[in-house]
């Protein structure tokens, strides 16, 4: 909890105008990014037309905007906000004009070799407009297309050059492609209703539009979406995939199905396993709303300890209002979360949340519960200790910001003021997701990454025993 | 569910500037109204200064606004929106200049004799700026003060003239009064931290600021709040109070304590009683989020049927975006609520919500669940059938808009497409609240009102048996 | 130059919808006020409907707003801005609900007895919503109407009670009245096209709509405007009127005809008379744009000295942008006005402007011209020294802000750094306007006012000789 | 009159922060573009930082924005608006990241070979972000720099490749360059105060900041601006320059000095020559404000016919407000310009404006004057008939939109309803500017262009006689 969220992408090919459908799909993916939103549609008259705006999807586009871009094929993007660089120039999709027409591309993920690719091509004389990974990808694609590759081959070649996490939707003039990195780090699903085909970061986008989830785009797969059909192209991919486990733990909506696994089920199972791995004698199980709710329900069912919504979330405080001094900033916390004293008072509370990153919010919540009269607060966390940075798309870039990077569990427990603290084990997490551990990217909890990163270990180079020392 | 919300008020007397505290309290009461917000503070230099703005509290005021009004005593208001008359001129507090200085007043409630009072005084030569109940109250108060009454007597006299529901905060120059109607229809609570005293529509405002809930303002009570003390003045009041039961069922936040009763507890007990009154053989209990959650938890615990968050709410769609045609409007519903197919499919579902007003939303939700594969959908509602209008502050003004006003439960069941439908009984509701039935206003579910209303029955004029025929 | 501007009002009775016409008329009167704008229309369905907004007329109303208020009779208002109290609550028209329906009123002017009337009626028990003169007027009118007067009599009675400057447009339900104070201090003209009748602060409003200027509303006259006819009602009025001379000198647009006199002609004649009263040997006549242009043309023609647009005004700097430090504030001046060096260098310049209030801007302009190489700068001012405050509608409330209140002409000349300085004489001004001096209000230049003001002399109490000592 | 305006650019090197100075200079150049504004500053910490925003300069940037970008070297741009493509993505400066750092560039002008260059490089494999000329220039520059040219050589090489009109300011990391096309089509001047050096489209930018106009940047010149010095580099340039004559006629501010010639003087001389070339017996000379004022003063002085400001411009209607129907659009015209009847009535009027493009506005003005009672209206125009498109930066792209492209002067006279119509002769225009005719670009009035344009004649290919047939 407390992480910046990922981006969301969508692509659709239909036999009618698609701007409202992209808009609706982006609203369903709104939780993946609230900074900016963009839509590119291929129109008969003007080629690819791209609209972008700041804020929520409903703020970024007016009804008039949507009604003006008419076309049967298009892509969309919602972007998360990182402090200090919130600007329309970072909004996607990104467009390029090349000799054969126009390209638009939207990207969710992070390349580990973007900088070196950019430098390599700068040395070759390229000038870049931005410092974004997305420009690197669209420029490489432009080059491949120019070099005479057919479109699918061009995309394959780009995928061979870039390294990292990516889910992509690409318009090349009126043709729509989707691609997922060879390890399937970022999610991407395929949906359908009649002749309309769609890809989206999460299946909830299909639910909002009445489409059926057909399957996930496979790691390393390229899909061309047309009105009426899809064509799949596979690149050669590593034996093992590396789905980001954090999607199930925190990023995705509970009602999404990622790589065949319903997010809600994972979260609930994590709660169940936590109850078995770290049982505790307590009176009530209280979730941190909304992120810990499914985990808490699982813990309650498995432990037989009563589930209670003992922390109330003010649903109107998502938007930030900067308060001028310390007292005011404290009000900002208390106005957001409120413990129900009569449910908490004198109770031994199991407090369940999805994860701990910096530990500051959890410390405040434990303190709130104690002030509300909790006799004991036992914290149970649905994600193993985060000990290492993420280089593949999550906004945790340095060990310094991770409380677990240099503290033992007991030190953290003391820091947050809990009576006990337990994290789900890596094994428990893996089992809850229901994948093989070698199918997951767990770099941030193991320090071993599925792709080579300077100064870090590669997955498979260490043994399980090592992890357990964290 | 689906009702417009009530207003929220707050008043505070302290020994330091109070504008940030009023602001924070209004954020905690934001669920009671999102159309506009207003703050009046008594300043040494300029007397009462009032700021108002449209939208959420954080949109209505800038940090600069707040820092500019300095004073130790003040009041605040958040207003709900009704279609077509959303305007700054309806925002409160309302101000008046009289011979002895300034008055500001904020009001939550609805008078049944505002029109006749306004007409009476118009006949006497008064000119009114607005058609609001609040102006009637502040004008009567101005008159009483002018006629030489001391402030408390003046307020008492006004309370004798006006009839209906009201919670009031009143600034008379630098003096702060709070008052509650003689039947206690609208909530108003008293809180304290050190020498700071505060009243607010709900106790969650105190929680946000670290104040302690001292007690409720009593029906018919007038309280003068000073820095360091409060003085209570009682008017003669009817034997029986008439707290609006709907505050516990829907309006108030679950974490508020109204008239000594925690809202969450009432909702959960309603769920428990529903499980006993209308048991059903089913697989899962699913709440309509967020309004039916506590009720559903109670139903689950009492019935032993598993609780499941099978409907997911998109937390970014509170703000309306008007879609241009029917297809788009349907997207608007599906983008807001999404059933989790794998949790629903093949299951017998108990669907729990707080209330049914028009029935349109419930019909869509039942249909969603059926489409998601529910084998049976049993609807359980935490409020008896709403058969009559509210004249005392809830936006249900005509029987025509109430599905239960002229349909039997079975007809409603058929309309919404459920396999079974049960409402909590009036007895169950009363028991869940834990008050005597004569302490509650249940006009909308009994057709009998605690105050005389032309064409409607007065509470006490009929027997319980009559209700049961609805 | 540098004064805050006056308000503008308009009223129209037609046989078609009038909201666009009011809107257009207010745009033509935009120079009289840019803070806020308001329109009230009498609609069949909802009685009087009032819209208000902040900023320019085109910012205050959307096209949608205008198309939604349908009615054949209406009034409008533009308001000027005074520092620190810019707020929608000061916007006009102001509305009241009385026993016989609704009233809306818009007012240009200032009452000298508003405070005492407000206090008198507060003592009688009235409560006031605002501290505005306009509320005093509409409340008195409401009282008169309630007391059984017919509408014209009621307006007459109000006019007997209030003292000061006022031009009024009044909607009483669907009936439209216009009234002008008994001395005709503020302007108000009557226009017509076919059956459509209109009043407006200046005749330019008629020009914009293709109406013909019929005549001015007479001092003390009340006119009822109907579709197809007007009815005039005269109150008893003082023998002598007191038109504000400043309207011709500065406030009104050059193309307006006020009380039968074209503003441009007055300004040009003032320039001519200045050339005769204070001749100077010089090379070019340069106006301060745009306020001094007509005066300068007159000076040039009468003196035979060449007219030159030697100061250029940046037409994009009307809106204020607050600069953070002194250097930046100086840029703010130089970015607004720029002398053309090659026209100025080595030249003896006659610099002409309409008036000097504080003297700060004139000082900067003289300095600019000297820096641009002017060998001499001779300042000629189209308004006699302003030595006393205005109590009747102009934002010059204290002698302290008036450079001429305690300085001789030569002291002012030295202060602004000019080689010579001359003001038009009072005789010259009067002659340029072409009215009898007893038909004009010249309080601010004579210290004698047409209405009794505590601590000031009444017009007629002194002799002409006294003025000449200033 | 009625043309879209040109862009404005500025570049500055100083020993203190320059963001406020760029901001102020852009305000002085605001008349050259109101759609968007941008500022790039080289900062120590982050390299080149670019801010852009929509609207006026004061709307595009907040004071906070300006105070946050600290650096001693920077450039700025204001952009004009063309219908339908008003968007932040067209705002300048444009930035690129290359191997040796960052470049930012702002451009005023239009290339005639941008499309072919873009196509050439697309064929070579380049991908373009935009379809703007500016990207072509910065991309070519990036290439030259990459190919190892020193910066000045790189700029020279780019200037050899591109063809058309351009004034450029370029930041290469912390170094600032300015360049002007080899024919000097677009203006660019050099200013100085102490060690601060600046270039700007017009000298009024220097006036606003207290800098001295040093000289114009020469056709084909590249200047490096440093704090304390400038270095000039000349490219080989054609014998003859081709300054756009329209800058003196319409685009530039009257108080600017372009290529040593004060704009006001040119306009006034044009008026004088018009009086001699096309004398007329008339009563008054009336300018179309503000564009025809200087021309009219010249006409008046030369003819001895009295100058009169007989058309009044409403200074609040620069911003467009789209009116819904024809009647309303007509109000839009009349609310903008108003003839003063008493000055016009019965008079023979010489109406003077700078130019006629489409003729629609002039037709309305003539009609206004006739309706105001003018007995005769003689139109005198300060620019010869515009008979051909501009390919070098003015928004007149097709002959179809030019009334003079296929009509004789007498046909135009009839169309606009004037009693007589005369345009300044090409000879008169040239003489008024005071340059040799071969130093001017007069493509739009001669059909002969200084650069080769497909389907058009090159300057020098025809004889003067040909022009006279138009």
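Per-chain numbering from 1; labels A, B, C and D assigned in written order.
Everything that follows uses one rule, which is that contacts are C-beta pairs under 8 Å (C-beta built on N, C-alpha and C of every residue); 3 or more make two chains touch, one makes a residue touch a chain.
Keep in mind that what you see is a predicted model, and the values were worked out from it rather than measured.
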Hop distance check: subunit A to subunit C, minimum number of steps through touching chains? 2
For subunit A and subunit B, let me know how many angstrom lie between their CA-based centres, rounded off. 37
Distance in whole angstrom between the CA centres of subunit A and subunit D is 49
Per-residue multi-chain contacts in subunit D, two or more chains: none
Can you work out from the touch definition every pair of chains that touches here? A-B, A-D, B-C, C-D
Can you list the subunit C residues touching subunit B in their complex? 88, 95-99, 103, 118-119, 122-123, 125-131, 138-139, 142-143, 146-147
Per the touch rule above, subunit D residues touching subunit C in the complex are 20, 24, 27-28, 30-31, 34, 56, 58, 63, 67, 204, 207-210, 253-255, 257, 262, 264-265, 290, 293-294, 297, 301, 306-309, 312, 314-319, 321-324, 327-328, 331, 334-335, 338-340, 342-343
